[in-house]
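The following pair of complexes shares a single chain, chain A, combined with chain B in the former and chain C in the latter.
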Partner chain A sequence: MERSEILNKVKEILEPYVKNEEAFGNINEDTSILDDLQVNSARLVDIILAFEDEFDIEVDDEAADQVGTIGDAIELIHGQIN
Partner chain B sequence: MTRVVISGMGVIAPNAHGLNDYEYALREGKSGLRHYEKLEELKFGCQVAGVPQGVDELSTKYFSKEALMAMNSNMIYAAIAGIDCWKDAGFNIPESGDETVDWETGAIIGTGIGGLDTVGGKLVPGTDAGKARRLGSTIVEQIMSSSVSARLTGFMGLGGQVTTNSSACTTGTEAVIDAFHKVRGGQFKRMIAGGSEGSSHYIWAGFDAMRVLNRGHNETPKQASRPMSASAGGFIPGSGAGVLMVESLYSAQERGARIYAEILGGQVNCGGQRNGGTMTAPNPEGVQRCIKGALQMANLRPNQVNAISGHLTATMADPQEVDNWCKALETTPSAFPTINSTKSMIGHGLGAAGGLECVAAVLQLQKGFMHGSLNCEDLHPELEAYAESIPHQTKEMDINIMAKASFGFGDVNGCVIFKKWGT
Partner chain C sequence: MPLSRQDQFSLGLQRFLGWLFFPILGGLTVLLMRFVMGYRVPDMRQVRRQFKQLLGKEKTPLLICANHLTMIDSAIIAWSIASNWSYWWRFRLFAWNMPERRNFAHILPLKIICYLLKCVPIIRGGPPHETKRTMDKINYLLAQSQAICIFPEGTRSKSGRINLDEPTYGVGRLVLTHPGTRVLCVYQRGQQQEKSSFFPKKGDVFFTDIDMIQPVSDSKGLRAVRDVSTQIMQKLYDMEQSYFATHRQ
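Let's turn to the complex of A and B:
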């Protein structure tokens, strides 16, 4: 799966949690999920679960903790499915 | 002591959403009870329930997708009724990003059973399947007893005491009385108060097993809730939420709020599960003391009560309840005030009942009518002497004092006295 395709699916998963629409509109690999998109940190757990379901992967707690930016998320998913 | 008034209300009931529709439904005797396939499939004895309609669509207008992912039916009802009440009282829901906290308003939103749809639908199956790790972040906030008050008050940014009370079927009325005491004592300017209960077969199953639900009207759901009738065969479970803004008179007048009614007094007690009282039945002395205590606090003579919004669930306890009212009011059946049962239309909302019925009581007081009680044309023989006091159709009448009581498992009682505003 291409990184752009992963990005689109990640965006779909994040969409309901995003508080900053402008940052979401300008999303790129450097976008921070918490700081830029202003996602409630408690919901990162749900976002990781959604990644697991969407991409049929398993994300351990340590790997989940490393996800700060959109690029991190894509990297994590890309690494597991390819 | 500070005088306390009702300055806003919100309701989502099985027969209506919103005050106008609720008033219309009450006046027209519109039943909100329906047969549910799910209950038939699960072999419930009682397959009738009261569930607010159109809530999925309504929810998307009130809440963001993210909020809805962490809200069960109980929380949705409490929040819809609470937001409606807040706006009805003349306040706005702050825009997202507004960091203002309202330190002078609190909330007591009760629930009797709580988020069993989440417990039964997600928590237990997920945990038992060894998937605790995959339950997600939203379980706790949906199953904690205070989910209903916590979720609602976040929308407004309330900074007073925010809590949930629970006292079985007395819950909603107790919340209003507790809020009344807090405002009367000067602790807060205002409190949003009421009760909520979700719609879940997991909530209703235990009552079905107790054989306290009516099993005889599965094909005729609108006739299933029969308080005060000779053919009452148990209650019909209901759900929804009713919420009232309990505010100091000073604060309400200062901001020019519309006032629905004054709360003159309220009493909450327990019969001690003695002298006929048990976990599931009331000690008559406890009930009578509760009603008398509320009147005493209101500084009223018993004969000043014009109307009663009864608890009246459609069980064997209805005649006993009316007898308790009669004794507490030191009256006779022929001089008894007008009494009705809102449960005849919406079923028994459990923890929501007091909230739904306090809203109904205040609407009737303000608008000057008593709605008819459905399905009691065949009055219970012990209530025949009270026939003149039990309207079957809506009756226009000027009410000055309305007493509302709720009773619950644990032998707990609550009675609140509302006075029409401006009289």
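Let's turn to the complex of A and C:
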């Protein structure tokens, strides 16, 4: 799966949790999920679990803690499915 | 990651100083709540007896999980479930708290009081390494069978009711990190309390319901974290439903 394809699916998953619509419109791999998109940190677990369901992967706690930006999320998913 | 020896020593010192000053500080806190603010907990004897029974003689990690409506919830809970003498005798049962640093750290007397009353400050949304260090401290204390008071909602409930749609999952992580952890669920609410506030209103009368659960999950990893956190939130939600069904008809 291409990174762009992963990005589109990641965006779909994130959308309901995003509080900063403007940052969401300009999303790129450097976008911080918590700081830029202003996603509530408590929702990160829900987001990671949604990644697991969508991409049929398993993410351990430590890997989940490393996800800070969209790029981190894509890297994590890309590394697991390829 | 294990807690540094320096942090272990600091927590040990804080616990000792807290214990040393507790007869004065704990006593003043109760006097303030009882006679200055005029708070009352009508079922206090029964609640304290129940807490003692639920606790038994087991010395396991104990999390006190409660609904969150005011800034002094943990003080009122502590007052409701046990006497100051019993805390002084078994100081591990006087729960550690994790207040937001920005709420008190700029006022020195408050900072000292919070220190002596077993607070480990946290900066919500702060640097990840600081949050991790705080959680390492909490994990260390829990492993020592020190009671920890935590609000699974993460913040005071703006609506005044428990919102199952927005749980936080830190509590699940703590339970799963320490197998055998028991969770004392506490639903407490002043009769005049409609929504969240800084303090309860003067003269308020507090309903207190407690129950002990030991959440488990067949899932693994983050799913288990979510599962356990949800069980605790659900228990508090059920207690709230029961309160409103019987006290606010």
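Note that in this section the second predicted complex is superposed on the first by the 82 of 82 C-alpha atoms of A that agree within 3 Å, B and C clash if a C-alpha of one lies under 4 Å from a C-alpha of the other, contacts with A are read in each partner's own complex, and residues count from 1 in each chain.
Here is the rule we use: a contact is a pair of C-beta atoms (placed from the backbone, for glycine too) under 8 Å apart; a residue touches a chain by one contact, two chains touch by 3 or more.
Small disclaimer: the values here were computed from a predicted structure and weren't measured.
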| item | value |
| --- | --- |
| Chain B versus chain C as contact partner of A:Leu49, first or second or both or neither | both |
| Partner chain(s) touched by A:Leu34 [first = chain B, second = chain C, both, neither] | second |
| Chain B versus chain C as contact partner of A:Val59, first or second or both or neither | second |
| Dominant toucher of chain A (residue count), chain B or chain C | C |
| First (chain B), second (chain C), both or neither touched by A:Lys19 | first |
| Where chain A meets both chain C and chain B, residue numbers | 40, 42-43, 45-46, 49, 52 |
| Complex interface listing, chain A residues touching chain B | 15-17, 19, 40, 42-46, 49, 52 |
| For the chain B and chain A complex, residues of the former touching the latter | 64-66, 69, 96-97, 134, 136-138 |
| Chain A residues within the chain C interface of the complex | 34, 40-43, 45-46, 48-49, 52, 58-61, 64-65 |
| Interfacial residue positions of chain C with respect to chain A in the complex | 125, 128, 154, 166-170, 173, 221-223, 225-226 |
